[in-house]
Amino acid sequence: MFLHRKETIMPVKVGTPDARFGQYLLEQFGGATGELTAALQYWVQSFHVTNAAIRDMLQDIALEEFSHLEMVGQLIVQHTAKLDQTPVYDAPLFQMKGVGPHLVDSQGSAWTAAYVQEGGNVVRDLRCNIAAEAGARQTYEALINRCDDEGTRKVLVHLLTREITHANMFMKALDSMGKLDNPMFGAVQPDDTVNIVFNLSQGDDHRGPWNEGTMFDGQKINYVENPEPRGGLPPAPVNNDDEAPSIVPVK
Amino acid sequence: MFLHRKETIMPVKVGTPDARFGQYLLEQFGGATGELTAALQYWVQSFHVTNAAIRDMLQDIALEEFSHLEMVGQLIVQHTAKLDQTPVYDAPLFQMKGVGPHLVDSQGSAWTAAYVQEGGNVVRDLRCNIAAEAGARQTYEALINRCDDEGTRKVLVHLLTREITHANMFMKALDSMGKLDNPMFGAVQPDDTVNIVFNLSQGDDHRGPWNEGTMFDGQKINYVENPEPRGGLPPAPVNNDDEAPSIVPVK
Amino acid sequence: MFLHRKETIMPVKVGTPDARFGQYLLEQFGGATGELTAALQYWVQSFHVTNAAIRDMLQDIALEEFSHLEMVGQLIVQHTAKLDQTPVYDAPLFQMKGVGPHLVDSQGSAWTAAYVQEGGNVVRDLRCNIAAEAGARQTYEALINRCDDEGTRKVLVHLLTREITHANMFMKALDSMGKLDNPMFGAVQPDDTVNIVFNLSQGDDHRGPWNEGTMFDGQKINYVENPEPRGGLPPAPVNNDDEAPSIVPVK
Amino acid sequence: MFLHRKETIMPVKVGTPDARFGQYLLEQFGGATGELTAALQYWVQSFHVTNAAIRDMLQDIALEEFSHLEMVGQLIVQHTAKLDQTPVYDAPLFQMKGVGPHLVDSQGSAWTAAYVQEGGNVVRDLRCNIAAEAGARQTYEALINRCDDEGTRKVLVHLLTREITHANMFMKALDSMGKLDNPMFGAVQPDDTVNIVFNLSQGDDHRGPWNEGTMFDGQKINYVENPEPRGGLPPAPVNNDDEAPSIVPVK
Amino acid sequence: MFLHRKETIMPVKVGTPDARFGQYLLEQFGGATGELTAALQYWVQSFHVTNAAIRDMLQDIALEEFSHLEMVGQLIVQHTAKLDQTPVYDAPLFQMKGVGPHLVDSQGSAWTAAYVQEGGNVVRDLRCNIAAEAGARQTYEALINRCDDEGTRKVLVHLLTREITHANMFMKALDSMGKLDNPMFGAVQPDDTVNIVFNLSQGDDHRGPWNEGTMFDGQKINYVENPEPRGGLPPAPVNNDDEAPSIVPVK
Amino acid sequence: MFLHRKETIMPVKVGTPDARFGQYLLEQFGGATGELTAALQYWVQSFHVTNAAIRDMLQDIALEEFSHLEMVGQLIVQHTAKLDQTPVYDAPLFQMKGVGPHLVDSQGSAWTAAYVQEGGNVVRDLRCNIAAEAGARQTYEALINRCDDEGTRKVLVHLLTREITHANMFMKALDSMGKLDNPMFGAVQPDDTVNIVFNLSQGDDHRGPWNEGTMFDGQKINYVENPEPRGGLPPAPVNNDDEAPSIVPVK
């Protein structure tokens, strides 16, 4: 069961409203890297994760992300408070949809669950969460770099900070399963090509720990400088061109 | 410049065509966790990554993923080769769109670039790639578990294997920057809440290395069992209700 | 600030798991008429509504809808608990994405914020909410009619019931503003065509209180049986065809 | 069968073309609250509504909305007539896609049928239509407030007017079924929680006719100030984590 | 101005309702190749085409496509007339959304204006229309091949027939401009690579009139069997990695 | 198998970076008419086309389009190289997502496979490709007309040129099958309405080779100036309104 308190975690006080900056802020309300993506991703994962402790962690963080969505929304409400004094061709999204946050990104694209990555395995879920935190942190840095309102910046730095905290938590959880520095997981054993690295983009080639030396499990990496196909010519597709006989229904 | 050889990396030979299984395979052709997502994600990242060695790695792997897309497509071509002998209400997607692969997932949803995560920072990019590999691996395991054609299964195990190889490469690259077990990156310093963990979902609470002990940088974690809002009541939104005065254009 | 209690509002106990029915249930988890649509619609509205009492009502109901999302998710978790015993071509969505709920509808389409209707005016918002409740109620009835598990049905009837309660609340709020049986709202006065009704689809024509008698404000309805255009021939578009001169950049 | 007359219902005469304002106008051509949404929503509903009189009403109004789509399109054609004299970074959508209307909103997002609400029950349909009219009216008001061309404004006021007329018609139809001030419809009886109202968002709480007094059917509202979950701890999900045994295909 | 007559162009009489086939029919109601795509594509084009005769043709055909949408909708209404006798796990889309057509394709994906191709030039528009007609014809053939109801088949053959008629019309219009067998159009002159053909996919190479002999304008085709890049190594991207200095706002 | 050379086909050298023009260029990277659409459309078609020579042609051109995608990406990288000196409210997409290309169009809408047209028949595929080339050419002309950087313009003219080359190839292939000036293809014979043309949009009517004279096969066109419906009144839909009895599950 969800509950709500009509106060934010931290004070949200915008100094100088700027509806144009409010439009940028939508990126973290209804955008790919925004708080809604994080909140729903962790929340949905919590339904299928068997381990009760990790489920608890996912729900704790999901709830904080919903609370962060609220804080970003409050920033946007305040930044659009003087929309009637904003030149008519600025902040077009708010001019059309009204003041306050909407579930779109800074370019006006509607939020889609295609942003959410989850399902099937807790290791997969946690790796997706570390990625989600990195994306959110990155957008907050972009916003902070373009922000000159002190009150807004303070909130944005807090929100960026919490993404680091959450990344730490997801990394610790992965580490406790031995999956932080181990690419393997799941029930299927890889075949004997697992230590091969192909040089398929040629010119200005480079070597580094990812294509020389050993893998995390100690296997020697086998670097193939000039890969050749070994699949032969694939079979021709069945005829479904102009001259093809009609398909007769099989019921 | 891209080149193509009309052979696959490994042989692709389906034993018994099954258009219904072909529809499942679409998940890795035009689905969220599929080869197109991986190929385009790494390829697009390669344009903005400054480090030439990592850019080379991203392009090598992107090219392999394009080649994997081709292999999944070949599986689907062969699995739909007897569509005219498939009962009319099975494999509805191919019944309507024709044999061979299409850029949709197993449920018929069109591929969207909303699946792709990239931009702004190489650490963010690499974390997203580890997540993408985990998602792809997970779907391959789901397919393998539901597959009883030996030829198909051999290809799927190879494709799953390569996702592990790629995950190893991305992890090695992150590790070489000191970012595999370090949640911090970027230019903004976190504020003083970075070591706080909130217990916002209550009941059946658990503790683990993510909410007790220390963070990766050694800071002591501060667990708040009963968090209270500290933001006060947010300001009321501006009036934009029924009684609101009309906005006068400011040009 | 959001909080969560790890219990549902009402007990959720599925008798006989059926992954195929679980797929139907997704319609109310990640579908157009589902609980996520309702929760986010009311929540987002609460940011821009000036009236504190209606804002409170919107937040109370939004929180309940989040809690209902949780209940639908719990139904799906339980209905997919025996997925490993489900024939491989049934419940294809869970076969690919894993057990538990996902943010898609019963056809596998990702949830999109295009489902959400809000913005600009509280009367508009409340009318959208009455529509949202009607859609949710309708889908619950469809699910109940197709459900033969008693435990599931009990939860679905409760969820349907609450949509009626919420519809009652939104209607009461509209009524308190005099907008339940009054089509007018906002600051723009209609022109003199407001009482005209056009018969544009002809054949098998019918009359009813919507095209005869009076409007809610008492104006006599003017029914036009054979409407004629009064706009003349619209001006030709500017030339942008093959022969058009190139546009020269104006900077 | 559809027919068309090459004249608009009312004259459409733009005084001073402004491609930037043309981009705003797209909101009502290819946007969520636009004429296409209304036309298609009512048209699609007309296929499943049994009552011939209401079906006739839905088709009459749908046809008018198609005719309004034409008028909005004519406004946009005229507003983009001087695109070659528009500074190159203004009206970017037309700069790329050419003059005249396109099926996108003012932010360039493609129209999607996810905007359309219909299906299953005529009461549900009519409630959705009242919501659609309210959304359309709201956007017209936003456009009128930002418009300083008299010819354009006259057309916009007419289009806003007609939304009020249509809202009146839909309300009259609902009223004739006794459903305008009655939240109940459909065949399922609610359970005994129908008169309970939960205070789930706490702080700055308010009471109003929606959470005190009686419901429309006279039942006393039961306001629960401090709701407690009554669902117990939900059952743990089935194991589908890392350690889970593989699923064996059941055919 | 649009008008409607409550009769279809041709009789629509389904013999044996089959809700599962009704779901297939959605492909031509709300699918990519369906009547809505055609109707809206030609209609939107008609706004920007300068030539009055071609504009008239586009509008005549658009109106017929709207009338065809109506006929497909009537087929679906009749095929879903016995949904209450359809096994509960068949035709899941109608089970959830109700009888009659909906604006989705046979897989349940919502119609999107991304299907529509138009803008900028009448030659481009007409070429897109020939493509649209080919797609529609193809899906009608797929439906006819899977249909065993005589009444339905008769309507489908008529609809397929009309796509051929329309294709003929669009081809005739292009031909009257000299653009049917001429790839050139528009105001920009091509550079001197226009007659080069690259062999970029190698192995099992073939020659045909597209890569040997002459182009339509008589130029000799220059076939490059082993293309080499001539672009040199592209410049490194600007530094936007981890170590990059923060961007300072430039206002 | 795909290979890559780290050089572009032609040199890509931007003179004066302009991030705002970079945003326009996204239209051909991640937009509807862009290189990704072309590359993937031809590539996917190549899987189901039976004719080996045409399959080879499709793959050759697909590979070139991937290489063009790379060139457009290089243009965007260079145009965003001075983003830190771009005023903060210009080029908002790059301000939020970082420098370099992204898989969105110039308005920020994510690329979707709904843009891709393919399937079922090689004639249909080739007609779609001619349309795709026309759309790409049109957008390149729009970009060239708005471009004042000589280096950029040179690349854009090359890319436009190649679309003409490809259109020539697709037309030659169609011509070799006798389908360039013949609307017929496929296995279904049209009915006897194939030579009828309806005047459904009335007023300012025009005649031309598409609605007078003969069709390509010599049949006389039958122009119907005042079409009448011949379908009678369609049957009423089944009752699914408020009063409808519940559907009982049929399993």
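Going in written order, the chains are labelled A, B, C, D, E and F, and every chain counts its residues from 1.
We adopt the following convention: a contact is a pair of C-beta atoms (placed from the backbone, for glycine too) under 8 Å apart; a residue touches a chain by one contact, two chains touch by 3 or more.
Quick caveat, the model's predicted, so the values are computed rather than measured.
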Required steps from chain A to chain E (each step between touching chains, minimum): 1
Chain pair, B-D or A-F, that carries the greater number of C-beta contacts: A-F
Chain at maximum distance from chain D, centres defined as averaged CA atoms: B
Contact-pair overlap exceeding half with A-E, pair selected from B-C, B-D or A-B: B-D
Degree value of the rotation bringing chain C onto chain E, based on Cα positions, nearest 5: 120
Gap in Å, rounded to a whole number, between the CA centres of chain F and chain C: 33
Euclidean distance of C-alpha centroids - chain E vs chain F, Å: 9
Inter-centroid spacing, chain C versus chain A (mean Cα positions, whole Å): 27
Shared-contact residues (touching 2 or more other chains) in chain F: 1-9, 47-48, 52, 56, 59, 62-63, 67, 74, 77, 88-89, 97-100, 104, 107-110, 112, 114, 119-121, 123, 138-139, 141-142, 146, 185-188, 200-201, 203-204, 227, 229, 231, 233, 237-238, 240, 246-249, 251
Arrangement of touching chains [line / ring / star / complete / other]: complete
Residues of chain F touching chain D in the complex: 20, 23-24, 27, 31, 105-109, 138-139, 142-143, 146, 200-204, 227, 229, 231, 236-242, 244-246
For the chain D and chain E complex, residues of the former touching the latter: 1-9, 30, 36, 40, 44, 47-48, 56, 59, 63, 66-67, 70, 73-74, 76-77, 97-104, 110-114, 116, 118-121
Contact footprint of chain E on chain F as seen in their complex: 5-12, 32, 52-54, 56-57, 59-60, 62-64, 67, 71, 74, 77-78, 80-89, 98-100, 112, 114-115, 117, 119-121, 123-124, 127-128, 130-135, 137-142, 144, 157-158, 160-162, 164-165, 167-173, 175-176, 180-181, 183-191, 193-201, 204-211, 215-216, 227, 229-235, 237-238, 240, 247-251
Contact footprint of chain A on chain F as seen in their complex: 1-7, 47-52, 88-89, 92-93, 95-98, 104, 107-110, 120-123, 177, 179, 185-188
Chain E partner contacts - residues on chain A that touch it in the complex: 141-142, 145-148, 203-204, 233, 246-249, 251
